[in-house]
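First chain A sits with chain B, and in the next complex the same chain sits with chain C.
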Partner chain A sequence: MSAAVKPMITLEEICAEAEKIRLSNPNLGDKIVSDIYHNAEMIAGPAVSKNSTDSRSWDHKLDDILTSRLFGYPIMFALLSIIFWITIAGANVPSQMIADTLFAFQDQLLIWFELAGAPSWLTGIVVLGMFRGLAWVIAVMLPPMAIFFPLFTLLEDLGYLPRVAFNLDNMFKKCRACGKQILTMCMGFGCNAAGVVSCRIIDSPRERLIAVLTNNFVPCNGRFPTLIAIATIFMGGMVVSELQTAVASLVVTSLVVLGIFITFAVSWALSHTLLKGEASSMVLELPPYRKPQLGAIFYRSLIDRTIFVLKRAIIMAAPAGAITWLLANIYIGEISIIGHLAAWLQPFAYAIGLDGFILLAFILGLPANEIVMPILLMCYLSTGQMMEFGTLEELRDILINNNWTWLTAVCTMLFCLLHWPCTTTLLSAYKETGSKKWTFLTFLIPTIIAFTVCFLVAQSARLLNLV
Partner chain B sequence: MNTALTTIPLSTLGIGSVCQIVSLNLQGLLRRRILDLGMVPGTPVQCIRKSPTGDPVAYMVRDTLIALRSEDASQIHVNPM
Partner chain C sequence: MGMSNSTIEKHHKLLSEHFGVTTTPGQFTVALAGNPNVGKSTVFNALTGLHQHTGNWPGKTVDNAQGSFTYLDRSFLMIDLPGTYSILAHTVEEQVARDFICFGKPDATLVVLDATCLERNLNLALQVMEITPKIIVCVNLIDEAEKKNIKIDISALQKDLGVPVVATAARNGKGLDILRQKLYEMSTGLCTVAPRQINYSSEVENAIQQLLPKVSRLIGSNLNPRWVALRLLDGDEAFINSISQYLDFDLHSTRLQEVAV
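And then the complex of A and B:
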């Protein structure tokens, strides 16, 4: 070993030496990357032969349509509507079948409990609370999820989603946000908690925070069934039966578009106030379209997503059902605890077009949005009218018997779309941002917007005597 | 070098035209990203399509379609071919 070169022993010394070399050559990184590519070219050049540009020309033709000035946006809207239409139209029959089976089993359970001589409170908690909550969640959520998720995964697999980001990036740039935010929103359709985690794909910390704070404005899978059920019952119910599904899917699509519009508005507002800053750069790869792999789609969408979300819903729904049953069946004076709480909430709730029970259901549904409807129905059913539910007509009767008008339906859908995120999403936001302040804002911003929008809608409708 | 006379920003390239990258006037993370995608000096780039609003624009680099915002593309100097 020559005396001129001192042997280096520690990692620190090596790092210092590397830093010295790096600083003495300002463009060292560039040179290394250039050399790597140059070497790769030399190897690949003689060894790799390319096929004719057939597949590429297909890609170009598809891109010409899907990202064109004329058709780009209408196609996005149409695809979204078609997915909802297929989901709503296809979910009806299986939902009904599952409901019939599970509620038949509930009757059987009641008989068994009676034969076993179980006390009525135990029957209430287990069968009327836990089992009924579970049955509702499975009957209402499973079929739409099992249709919606594979369709959405199909679009993902085809390579369409990056094109959506390509089409919409300019709007995000105007809000000083990142175009990739739309991809995190697409994840949010499945689950907002997953959407919040996916915000990691955004490079700029400021734009990532904007994406985290606004992710809740795309309705997640836990809220879709609520939106779809109410839209089908009230909005679809206004037209002849042949058009019901179409009208309902149009209503849900419009709600999603409204949610996206509010995402833009809030992103813009954040970029100009709390998260001031200029739009940073965006590099987006548009991969070639691929033939979808059906096996992978079914596996990913059914096992990874549907079962995952359903499992979470079931874990939440069973205890929530038991607690709700208890609250509805423990009486203080003449009225159950739920009755007291709802009565106390009634003035606020009425001001924003809901009723005390609906607001209470949203509050009790904080752990998971999936259980808002079951809780609400349990509240309504425990107040007198004992009804078997399961079909949409029966649901409609329950709601109308509890004084629902079209305004209640509209405000409930708006509140469902805009209100606070579930605890899982909040927890993910806390993990991603590492800050209590931003987590609190993730809760506060949607809450304020939901109350404001519903208040304005309810008050204007009443002022104009529309109800 | 005669390249300095004829270089233009990548953002001014018309659809369908081909060019060669001369220099990157970018810093930090974006510079790294662009280099990692193989957009090193000398690389041929073809402008493929604009998004419906005209920005971002998609470029073909080494058989990969990459979309860049006009602000970023204007910092990449190219030689039209």
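And then the complex of A and C:
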């Protein structure tokens, strides 16, 4: 008995020999799999009979078009543009209405504070700081989100997203990353922190890290309103009014495509340097197209996403508004603290096409991207004369009064798309990777790319005398 | 059934330690495998009813559901494996499913296939057949296939595969009685099988033959040496881990018995 128990040969020896055989037969693993498939084909062939004249049903035909080499990408681009077009066109009116209501209430609040004899610093912090910050966040963010999310969820529910994953899988493979990364990017459209957490679906640790490090290049909903607002007033403003919405939505779509392109570029670079390795395969089942369940779509997109995001924005915006107001109204010498900080940042900011206030707003907006625009406006408003804002027209006036050009707008949008992730995302990255090094790289890579791209754009535009 | 008492004891220990599966004496274990979305859970629920409990696989974040049922006075414990497209172990789910079929040595493995896309589903059945001959193929969603004008020649399939094939529509309870009967026959050893083996291309076959003698010497008759050779040739790290763990366990518990004797 005991003689039979002791193996005369060890597993290690066999593994070493297997390794040798594998090296002398390239693609042995692939051949094994394809042999299994071939056998399945041989067995299924005679046992299954499909007795229908049009064996190619409509959903197969639709798949052929949606995932074809020729039409796959253009259709994706078109659908994305349409969604942004509907969002931008539809958000204007409700934005205006919400803004009117909230700013009317702000006037009322000011009157009440005056009646109650509140000191001016309290009025400043609560009404002009906190309330105005909140009002901006709600008026500008809520309508686009309430339109964009249901539309995006509709695509998800129809079964289009797996087709997108199918279309892009080849690109990911070329970057030696996992095709599932596109699904984590789709989550990133909602929230990069959620996107980072969703990278768990990727099994290979190497590919999961790539997905975590690049998730920030899809703009989250905290950045969409900023992108949409700037695109609408600056890019749209350059053409006749009928085309404004169309141009703005094309600009936003192009930015998203640029973000995806950068994702590929960075994934490629990472898997050829820091995270070397081959792409693992994934099985992707294209589910049948389903009739969307409208109730579920509205619930998922409005309650789960819109309200959730809005709540987070409000929680972050109120204190940020108060702090910004304080910074803008405490004077050291002739200039406010914000003025000092902005002046100090001005040389760097100018080199990348921004100004000191914009860069400062992005830095102060680190806790949440949602509050970058409100902070920026508060900075501008506190330095010049007090003026009410609320509509995009007024916003445009504010920005132009502060020397914005088309280059400022382009660089701000690029910086917004590419810059460092918010603290929540960084925290999620730390929890998921469990490593300070990778968390720091999650911060560093986008930061370097944002500065480089904006610098190149700004310098070449100035060199060519385009501004 | 040709298993000595000590072997049975050892097997029980393996089942509970590695897979969190505890059987009562005389109870048969049935593994339930299948692709995602083929109605595997429907089959599971229809067979076990309310006698279920759920948990995780030991040390894995993969759900594990077990349920029991009785047929002809024999008790069966059914273990619902994660839904997978293959068991070549690219994912944790595939690894869990494969390790259980391979090392848990269930008395029968039921592989549920989707009748509307049989060819793709057959890949999994073929891979399971490489590991164990005690397999029953369940062609589910046969009603949906009929709706789509897909006809499946069950008896031809059974002949070709060399294992029992049962057509079911689990949602309507169609075919479940035959399924129970086949599970009974398979577990009690009443049914004879001649599972079809995969024909590999000459290149793969040559590689297998080079490795086969040594693999046979190492693992004896516990596992299908051809299949083990294929996994080693595939360079499947997860499998090498699993098998070395398993061999250790085997060695270790045999030594313990020797000490006890």
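The rule is short, and it goes like this: the second predicted complex is superposed on the first by the 411 of 467 C-alpha atoms of A that agree within 3 Å, B and C clash if a C-alpha of one lies under 4 Å from a C-alpha of the other, contacts with A are read in each partner's own complex, and residues count from 1 in each chain.
Everything that follows uses one rule, which is that contacts are C-beta pairs under 8 Å (C-beta built on N, C-alpha and C of every residue); 3 or more make two chains touch, one makes a residue touch a chain.
Computed from a prediction, not measured in an experiment: that's the story for all the values here.
When the two complexes are overlaid on their common chain A, residue A:F166 makes contact with chain B while staying clear of chain C. In the overlay built on the shared chain, the residue A:D64 is in contact with chain B alone; chain C does not reach it.
Legend: residue contacts after superposition of the two complexes on their common chain; A:G72 is shown touching chain B, with no touch to chain C.
In the superposition on chain A, A:G179 makes contact with chain B only, not with chain C.
Of the two partner chains, chain C is the only one touched by A:I14; chain B is not. By the touch criterion defined above, A:E242 reaches neither chain B nor chain C.
Once the two complexes are laid over each other on the shared chain, residue contacts for A:I43 go to chain C alone; chain B is not touched.
Contact with chain C, but none with chain B, is seen for A:N25 once the two complexes are overlaid on the shared chain. Of the two partner chains, chain B and chain C are each touched by A:D203.
Counting residues of chain A touched by each partner, chain B versus chain C, the larger count belongs to C. In the superposition on chain A, the residues of chain A contacting both chain B and chain C are 29, 33, 37, 203, 280-283, 285, 287. Listed in rising order, the residues of chain B touching chain A in the complex are 24, 26, 29-30, 32-38, 40-43, 48-49, 51-56, 58, 64-69, 71-72. Interface of chain C with chain A (complex): residues 36-37, 85-86, 88, 90-92, 118-120, 122-123, 126-127, 148-154, 156-157, 160-161, 196, 198-201, 203-204, 207, 210-211, 214-215, 217-218, 220, 229-230, 232-235, 240, 243-244, 247, 251, 254-255, 258. Every residue of chain A that touches chain C in the complex is listed here, in rising order: 1-2, 4-5, 7-11, 13-15, 17-19, 21-22, 25, 28-29, 31-33, 35-37, 39-41, 43-52, 203, 280-283, 285, 287.
Interface of chain A with chain B (complex): residues 29-30, 33-34, 37, 59-60, 63-64, 67-69, 72-73, 166-167, 169-171, 173, 179, 203, 279-288.
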